[in-house]
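One structure is given below, encoded as structure tokens.
Order as written gives the chain letters A, B, C and D; numbering starts at 1 within each chain.
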Amino acid sequence: MPRGEMTTSRLEAFSDGVVAIIVTIMVLELRAPSQPTLAALLKVAPVFLSYGLSFLVVAIMWVNHHHLVHAVHSVTAALLWSNLNLLFWMSLVPFVTDYLGKNYHESLAVALYGLDLLMCSVAFFLLRLVLIRQDRNDTALTEYHSSVQRKNAFSAALYLLSVPLAYFSVYASFFVFVLIPAMYFLPEKRLAEGRE
Amino acid sequence: MPRGEMTTSRLEAFSDGVVAIIVTIMVLELRAPSQPTLAALLKVAPVFLSYGLSFLVVAIMWVNHHHLVHAVHSVTAALLWSNLNLLFWMSLVPFVTDYLGKNYHESLAVALYGLDLLMCSVAFFLLRLVLIRQDRNDTALTEYHSSVQRKNAFSAALYLLSVPLAYFSVYASFFVFVLIPAMYFLPEKRLAEGRE
Amino acid sequence: MPRGEMTTSRLEAFSDGVVAIIVTIMVLELRAPSQPTLAALLKVAPVFLSYGLSFLVVAIMWVNHHHLVHAVHSVTAALLWSNLNLLFWMSLVPFVTDYLGKNYHESLAVALYGLDLLMCSVAFFLLRLVLIRQDRNDTALTEYHSSVQRKNAFSAALYLLSVPLAYFSVYASFFVFVLIPAMYFLPEKRLAEGRE
Amino acid sequence: MPRGEMTTSRLEAFSDGVVAIIVTIMVLELRAPSQPTLAALLKVAPVFLSYGLSFLVVAIMWVNHHHLVHAVHSVTAALLWSNLNLLFWMSLVPFVTDYLGKNYHESLAVALYGLDLLMCSVAFFLLRLVLIRQDRNDTALTEYHSSVQRKNAFSAALYLLSVPLAYFSVYASFFVFVLIPAMYFLPEKRLAEGRE
């Protein structure tokens, strides 16, 4: 019964909506300091930096999600729920970002941030796995997915590393948090520019 | 005068917007604990679990809503207001979720959570009733609706049960809250996979 | 230069987005009481009732907005800014709702609620005025607009009345607040059903 | 591989979503005063005025963004990231608005508000630069972009001025904050009306 089949565009629109909200409500955690002094403002700086980092990370996820879902022709239940699984872990980003911003020198907060981004990476991996299985007859697409999947697995491994690392040095974890966006950002740019 | 008639896609887009916001603002209730200790974090665990449960429940409602509305051809006033009625009860989910997360061992909070999900189920039932009456000439559709309607009535009955149950044992109510998503999730998956 | 002309559908989509957010964030004001007693919950009842009322009022505005904008063919600057003016006053609904819910027996809070809904009505009136002037060659449309415009002016007058009324009896203002949705709701239903 | 290319409409829809949320969540900062007296309400007036100003500023940005992006045919990575850069600075508007509203007589808060709007202007400038380079073969479009770019540079210069100005007189900065919307608003209107 094809009556209830979801279109790719509706899946995209809903995901976009959730991502747009995630990226924007994080700013609500940026509480304006009650005193109008530079010292009070500087206390908000770590919260601001963690917001900036999470904005970048979620923006990259949004771009990747677009590349991932755009080619899909049929929205199966497996795809739908892998996507909702991804959105769930992404929806926790504002929480871990706030926790990190307020406790950036504490291993637990740093590890938790890494853990949520790890779960997002794993959710991306699973989502792509569903798509590879689903479109296994399209050789060009499968090849493309496989190459991105390797990159995805690599950044998931790095996020996994960042969790215990936070108990040795939070700065090592921060290095991972900054490295992965940098890694993703550059090839993405090259790819897209090569496309025109 | 067909001038002002609403298209199904606009009804869907608006409903999707509201659902995307509901599902995402719930995370704002997940307040980061002020102390970076595991003990402080574990205190947030019930809030986190109730968030996870509500995310799942709302996601299922979103998928069901899609299946329900997608086949509609004309947006009548009855449909429009049944849909807004559903959105109203769904919009209370963040409130009852927060209340449950902070008082998960209290009968009142558990009963209230069950009550709101009951109202959502009833709203779904009424919405589907409108659609059945509206498209009564399309036999295949009516048959499909009737079969889902029975499932809907069954889960509404279970949610109704969960309200007084909370005064005997909150765990019995929790069992209902987890059972219904499980029940919905599996057939939904089967249906959609059978469709391809 | 028609390059930058906005389509009606984008105006609708943006307005829908804002309305969906307005209607949903109001629920954030519904703070779960810290104590799980019925007495504590009942204290939230006025906040809940004012939320319900505002949900209904905003939902009606959304439906009316749809009927209004749907027929538009060219989005002029006058239309764009009349629409943004309407969205501004609508965006204050969560604020006045919260204030009303917490101070429902105080004239000031009741008057302020009436004042914001008055401004919304006036904004609707101005928006429709722009449309009437813009499409003055389409006789059927003008006639339709004029008939709705009278109803709009009438409810604006009632909201205007509700402001000073709140200083005599808040219940008289409440009567107006409930009367206007009832008034709008019924004809809207008749119109739409007559259309099929 | 054109598989993953983003359409202009999706870029618009996502940006619209973020802007709709930005414009609406600002109202959450308008906390209802706990006491229902006019004096308590008047204390919220500066927060209300700064909300009104920011609503106007963000609305103008939304209209400009539409004019800017609407003509685009291919969404390159440079465009995508310039757009995300703009959205980042826009997403900080609720924060600086709240800070301004609560400390409107303090140089720091006023300067910070000017700084964020400066960053938004610069982000608009960079975004338009990408578009000019991208569509350099379309002479008519380039000419249009160049004329708007000059206006953009001028308002960026004024916002830059408003930052140090706040340390001499906050009222001078307020004058700039009100002048720029006024400046933008009028020509925008003329342009659009000239178009019909």
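Everything that follows uses one rule, which is that a contact is a pair of C-beta atoms (placed from the backbone, for glycine too) under 8 Å apart; a residue touches a chain by one contact, two chains touch by 3 or more.
Not measured: the values here are computed from a predicted model.
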Listing by label each chain that touches chain A and chain B gives none
Co-neighbours of chain B and chain C resolve to none
Interface numbering overlap (same over half, different under half) for chain A and chain D: different
Chain centres computed over CA atoms; the one at greatest distance from chain C is chain A
With chain centres taken as the means of their Cα atoms, state the distance from chain B to chain D in Å. 37
Distance-wise, how many Å sit between the C-alpha centres of chain C and chain D, to the nearest whole number? 26
If a residue has to touch 2 or more other chains to count, which residues of chain D qualify? 13, 17, 21, 25, 28
What topology does the chain contact graph adopt: line, ring, star, complete, or other? ring
For this structure, give each pair of chains that are touching. A-B, A-D, B-C, C-D
Within the complex, which stretch of chain A touches chain D? 12-13, 16-17, 19-21, 23-25, 27-28, 30, 32-34, 36-38, 41, 52, 55, 59, 62-63, 66-67, 70-71, 140-141, 144, 185, 188-189, 191-193, 195-196
Write out the stretch or stretches of chain B touching chain C in their complex. 1-6, 10, 13-14, 17-18, 21-22, 25, 28, 74, 76-78, 80-81, 84, 87-88, 91-92, 94-95, 98-99, 102-103, 106, 108-109, 112
